[in-house]
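What follows is a group of structures, each given as structure tokens.
Look for chain A in each of the two complexes below; its partner is chain B in the first and chain C in the second.
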Partner chain A sequence: MAGRNALIRFRYRYLSGRLVGEVLSKSWIDAAIPVVALLVTIGIMSFLIPGLLGAGHIADLARQLAEFGLIALALTIVIMSGGIDLSVGSMFALCVLAALVGMNVLGLPFPTALAITLAAGSACGLLNGVLIGYLRLRAFITTLVTLVIFRALYDIVFPRLASAIVGSTPDSAAWDYLGFGKVQGLPVSFVIFAVIAVAIHVTLSRLRPGWRLRAVGGARRSAYNAGINVKRTVCLAYVTSGLLTAIAAFLFSARLGSTGADTGIGLEIAVLTAVVLGGVSLGGGRGSVGGTIVGATLVLILTNGLIRLSTPGSVNQLLLGVILILAVLFDAKWVKNRGKILSKVYVSPAYLDLPEQARTKDDPFALNDRLRDVELIGLGAVEGPEDVVLDGQDNLYTGTRHGTIVRFLAPDYVRSEVFARIGGHPLGLAFAENGDLLTCVGGMGVYRVSPEGAVSCVTDETNRSWFSVIDDSRLRLPDDLDIAPDGRIFFSEATIRYEMADWILDALEGRGNGRLICHDPATGRTRTVLGGLIFPNGITICRDGQSLLFAETWACRVSRYWFDGPHKGRREVVLADLPGYPDNINRGANGTYWIALLGLRTPTFDLAMRKPAFRRRMARRIAADEWLFPNVNRGCVMRIAENGAVLDVLWDAAGENHPSITSTCEHKGYLYFGGVSNNRIGRIRLPDTDPAWTAQRDYWGRT
Partner chain B sequence: MGFLSRIFGRSGEDGLSVPPMDGVFKPNSRLDDATRILDLPGIDNLALAAGALHCSSADRLLRIDLQAGRANNLRRFGRPITAVAGSPRGRLAVAVEGIGVEIGGEGNGWRLLRLEQRYADCITAALFVDEETVALAVGSQAHAMSAWKRDLMSHGASGAVIRHRIPTGTTDILCDGLAFPYGLALDAGGNLLVSESWRHRIVEPQSRAVQLADLPAYPARLSPAGDGGYWLALFAPRRQLTEFVLRESDYRREMMATIPPEAWIGPDFSSGNDGSLPLQAGSVRQMGSMKPWAPSRSHGMVVRLDRTMAPLESYHSRADGRMHGIASVVEVDDVLYAASRGAGTLLRLDLAGEVPA
Partner chain C sequence: MARPAIIRKDDRPPFHARLLRSQEGIVFSLAVLAFVLFAILLPGFLSTGNLLVLVRSVSILGILALGMALVVIARGIDVSMIATMVVSVSWAFVITRAGYSFELALLIGAVFAIAAGVIIGVLIAFGDVPPIFATLAAGSVIYGTGRTFFFTLEMQNVPPDTDWFSVIGQGNVLGIPTTVVFFAVLCGLFHLVLSRTRFGWMLYAMGSNPNAARVTGVPFRPMTVAQYAISAFVAYLAGLILASSAAAINARLFNSTMIYDILLVVVLGGIGLNGGHGSVRNVVLGTVFVGILLNGMTILNIDYTVQNLVKGIVLLLAIVVDSIVNPRDEQTSQQGDL
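Our next item is the complex of A and B:
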């Protein structure tokens, strides 16, 4: 049995499948799949065709990619705006015609011919854009019609000028350089393409026009409601598409110097395949320039490879069509199911064996009803007071889930005011020596509030660990903090895997997802002190000024850690196998400490913690509201000595006022408690304590 | 097979989905709004004998004085009573765990029916077919009534419906292999109907025809309604987590071996207030209140069925209510009496003037 448990423990520590969920939650996963497909295709093709990766072929591919890739980018922009442009092929042909007429037939100078070509492309795009953007025609049918119209125009004009185009060669160095020149060994056209691609990438991902375009594609109605000019954005997407197609056509003309009747025929299917393979969603709003380039490269390698394998052209088209269908199918399923898969695999349980605490006859944790006569403060006016703290004038401060710190005014705590607006849910609170209020804000970081109520950020990041897939440099769930005599701020981050709203889900994992972090105001640096902690929660500096007590909630234990002095680096458990889950720790009178238990262990949950596979199947197979949780509907507060001896325990037997208690704080003979999912603060008179004791005096030696 | 069905099994016996409470079963708070006429801890089976309402409570049989709102002790049986039935002429049949069925109410004391011992521990419901014949639902032949949770968690299917002729002392088995039969009724044609709790359905024992299936909760006792239909009490809700644990043999076995049954995952008559009870995610108290939709272990639910067993309307007490664990109801003169075993309360619901939904 012990051997089997050790095996389970090992299996779920090192092979828990945690990385699958973390990788899936990354935003680059959309682009990773096309890259894998590309590598596989290159692998297969270079096996089938020796010399595929030769220098000559690569240069040729680069030129093709420049033209093909520009058209793919054109289509990417249109699809991301929520539309589609089927007319790119015939638009391309028309622009090629315009360029050749300008250069070869009319003998115009290079810049003029370029301007004519770009104007032709923009005009075609504008036609699409006005019809679709302003007149609200369907993108699919409109561009299908313009495909036919542009092609018809081409077919009418081209035969009359065919001989004139072939008959003369323009005398322009720039034209030749564009077609055949190289920069640092790279074709000029490819360099132009690369510059344009980078510009489009920056625009789409970093600049306002790009955000607007994606917003319109993602949710047209919401974009409209957000004040975005939807019509103009859509229209401009088609104009941009025409412009990019025109650039591609100009490069094509410079390279070949002629055109044929079949120029651009079937191009839209190839481009569409490239774009969809590149992970651009046909639904709009999703996609990237990088993905499109990968998709375009893939299609080019595939078609070139098939040509070199002397496959008939019709078979190539067929294959391309099949790939397109498969890509569309995959895209549809992926977009629809990615979130579902993620929610099913993200929870990744580990093995956690909590020994049952021996229950003796004089069990200090025996249920009592000492909190029955609790005085309620702010009932219904405060939501989610995770921590409570009092200042020198006896005013009471607490954070709320509305993102504010509320101050209840002494002496009766009836009147309250918003002391500071922060934006995230303030959790742990502590006063610094100079009277500033420091707070850990869920999802944000550690913040400082001056006595006047001015909010400033203390720290919101720490050092990134080397092997973490999740970006653990950002603080995700800072929970509680305390201040050392020299001003250093020690705080706990409960978990790096869950957001504030899902904090209890971390209980299902039972892994060391949390850490202890130190911020030194002298240097401004924030460093992780201890990692791999199981939901580190409450933290308080011991009276020796060299060590601190911290609670690991799901591990049901309280440990002491020496951060300074002769024992620096030592860590020992002072209180293990508690009957419940410890939350915040605060100093109390007479050298004691107060700990709140936010919930109680249940035999069924403890058993589940020893069966990670059970919890994993549970998370996959049943709805989240039905998951087994620790019993956080029943908590208590306890007073301990520094050595961990339990001195006193106070319960709310009915669980009506304080089902779960996340924090407790002693002040002038009263004990105050908060609860992160409660709508009230409680206060009770302590019979046998120092009625003058305050935390300020204990910490900083003054009242 | 078990392996395959764990991977692919999404339907039938392997499905984890629970029928939703919608349509006729749409939850309301009518049981919590009902008049509470009597507090009696452990009140369980209601029965009419010669027009008088009787009930059981732990080991006591009581007659309820509706005018005074009191219950008068008739007899203590020393062991928990598991079922009570009454006849039109005033005969009473009382099933006592570990003892068997005692017949009384005729003024000449009580006498024990001669039944096989394997039936004696878990008689969940009784019904007078006529004055001389009593039909009995045996929930399980493997576990006693007080160990009903263990029967559920071990996929118990050893229940039976038997018929006993009082004058001759003969017993015949109408049907066995049932998964915890928990209620009996007679239809217009004199055929028996039985609610099979662990399979969430109502069947006709002799023909094994399923009359009503896929109930969203565990059915308990049946009783006749005034219009020729039936009342069905459903003592606890089905939960996905329970269905899941029922399929997790390893976890379930260890849970049954090491944890006291009160703290098991699974249905119950009341949700309790003990910190050692399992809690599901939706049941976390938020801002001082329990959500009515919380996935609780217990609830209160009574359903009115028509003559063809089609549900007509339902009465509920949800997660935020208290009238949980109703296992028995009786209709008398357009008034419905419901015994909430979880809250230990007898409820009165006036049916006159109410239009069935």
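Our next item is the complex of A and C:
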């Protein structure tokens, strides 16, 4: 049995599938799939065709990629704006014709021919843009028709000029340089393509026009309601598409110097395949320049490889069609189901064995009803007071779900005011020596509030660990904090895998997802000091100034960690196998500590924690609101000595006022209670304590 | 607030005013105008022989447009029809030449066409692929499959010893070409299906509001598959008639602008691409108009490429008019609606 459990523990620690969910949750996963497909294709192709990766072929491929990639980028821009441009193939043919007529037939200087080509492309794009943007025609059918029109124009003009085009060669050094020149060993056209690609990437991802374009593509109606000029944005997308196609056509003309009757026929299918393979979603909003280039390279290598394998053109056509269908199918299913898959596989349970605590006759946790007569503060006026703290003037501070810190004024705590607006739910609170209020804000980081109520950020990131897939430099759920005598701030981050709203899901994993972090105001640096903790929650500095106590909620234990002094780095469990889930820890009078238990363990959930396979199945098969969760509806407050001895336990037997408590705080003979899901703060007079004790005096030796 | 206008039959605007308000009316007027103009200006246009040629040449287009209309009414589109048509018919001929009986070969061709339609329908209904992409790519795949595996020659002649087959395209019934008769029969059949059967009503429901149709219990996915199967089968029938009348089928039709001609007929006839409205009457009207246009241009001896240009521009104008008559609203247009 023990061996079997060890096996389960091992299997769910090292082969838990946690990474699958984490990788799926990354945004680069969209781009990773085309890259993998490209690598696989290159692998297969270079196996089938020995000389595929030779230098000469690579240079040829680079020139082709410059032209094909520019058209793919043109289509990418249009698709990201929520439209489509099927006319790129015919537009390309027309622009090639314009360039060759300019250079070969009319013998115009290089810049003039370039201007004519670009003008031709822009005019074609403008026609599409006006029709689709301003007249609001349907993009697909409209560009299908302009495809026919542009093609017909080409078919009318080309035969009349074909011999004139072939008959003369332009005498232009720039033209030849464009077609055959190299910069640092790279073809000129490829360099031009790279520069344009970077410019488009920066525009789409960093500049306002690009954001507007993606907004229109992602949610046209919202973009319209947000005041974006949708019509102009869409129109400009098509004009840009025309312009890029014209550049591609100019490069193509310079390289080949002639054109045929079939130039650009079927190009739209190849380009569309490239773009969709590159992860650009039809319907708009999603996609990237990098993905498009990967897709374009893939299609080019595939078509070139097939030509070198001397397969007939119909096979090529068949294969491109099949790939296009598969890519669109995958895209449609991926966009629709990614979230579903993620929610199924993200929860990744581990094995956690919590031994049953022996019940003795003089069990310190015997039920009593000492919290029956609490005085209620702010009933209905606060929501989610996770932590409570009092200042030197006996005013009471607490955070609320609304993202504010509320101050209840002494002596009767009837009047209250909003002390500071933070924006996130403030959890742990602690006063610094200079009177600043420090708070851990869920989803944001550690913040400082001056006595005047001015809010400033203390830290919102820590060092990134090397092998974490999740970006653990960001603080997701800072929970509680305390301040060392030298001003260093130690705080706990409960989990790096879940956001504030899903904190309870971490209970299903039972894995060490949390950590202790230290921020040193002297250097301004934030560093993780202890990782792999199971939902570290409450934290308080011990009176020796060299160690701290911290509670691990789902592991039901309290540990002590020395961060300074002769024992530096030592960590020992002070209190293990608690009957409930410990939350915040605070100092109390007479050298004791107060710990709040937010819920009690149940045999069912303990069993579930020893059955990771069961929890995994549960998370995959049934809806989240039917999952088995730990009991966080009933808890108590306990007082312990520094060595872990339980001195006192206070229960609310009736369960009316404080069934679940996340924080307690002693102040001048009273004990105050907060609860993260409560709408009240409670206080009760403690009979056997030092009525003058305050945390300020205990910490900083002042009254 | 203006009172809601209740138009009684006798208050309605006069016929000629109504005519120019809908696209259908405009096209009808244009068709009449073109007919009259050609009749006056072109000698030989009005001759019985030419008119028969006109009707015969467009009836194949009309039959294809019937299949397309069915799909378009349900807010789909099928641009793979030509590929299905040429490949299934060519394959049937190849099989016959290989020694099988002609009837069996025709049956295999039909099965191939329907299978292609079903696969396209499954991709659209179950794979959530936008119809236009599914059919565009499928056209390429079907044609590529045909050219790679089924036949190598572009031109496939009708197999010998099949005399009855030539009757389909070249015979006459009471002086009317059988091609036209087929078109008329199919028109009647489609009219019955669209206006009298539950299947037809569901098509309109799917086209005018797909989500509402789905919610109210229209078997959305089977219906979608059925539409594309039907349009593929109609394409096959049209291919048989075409092959019979020309004694051969040319696979190169796939690369021609024929699919745009079909769209031209459907859109010009007044079947909006947004789906949900239109009837067989619109197909007939579009067919006649396109027929007059093509015939007139041919008689005028206009170059084929210029004809393409004219057709493209006319189609573009038709779409512009369509979008003005049935405008899309910024607030209600569908996301990703291409």
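Everything below uses one rule, namely that the second predicted complex is superposed on the first by the 703 of 703 C-alpha atoms of A that agree within 3 Å, B and C clash if a C-alpha of one lies under 4 Å from a C-alpha of the other, contacts with A are read in each partner's own complex, and residues count from 1 in each chain.
The rule we apply is simple: a contact is a pair of C-beta atoms (placed from the backbone, for glycine too) under 8 Å apart; a residue touches a chain by one contact, two chains touch by 3 or more.
This is a predicted model, so every value here is computed, not measured.
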item: Partner chain(s) touched by A:Met618 [first = chain B, second = chain C, both, neither]; value: first
item: Touched partner set for A:Lys26, first chain B, second chain C, both or neither; value: neither
item: First, second, both or neither for A:Gly655, with chain B first and chain C second; value: first
item: Touched partner set for A:Arg220, first chain B, second chain C, both or neither; value: second
item: Which superposed partner A:Arg525 touches (first chain B, second chain C, both, neither); value: neither
item: First, second, both or neither for A:Asn633, with chain B first and chain C second; value: first
item: Between chain B and chain C, more extensive residue contact with chain A; value: C
item: Sites on chain A touched by chain C in the complex; value: 82-84, 131, 135-142, 144-146, 148-149, 151-153, 155-156, 219-221, 224, 230, 265-266, 269, 272, 282-284, 312, 314-322, 324-325, 328-329, 332-333, 336
item: Residues of chain B that touch chain A when the two form their complex; value: 16, 239-241, 244, 248, 250-251, 254-255, 258-260, 263-265, 273-288, 295
item: Contact set on chain C toward chain A in their complex; value: 77, 79, 123, 127-130, 132-134, 136-141, 143-148, 255, 257, 260, 263, 267, 273, 303, 305-306, 308-309, 311-313, 315-316, 319-320, 323-324, 327-328, 330-331, 333, 335-338
item: Complex contacts: residues of chain A adjacent to chain B; value: 383, 504, 580, 599-605, 607-608, 611, 614, 617-618, 621-634, 654-655, 657, 659-660, 677-680
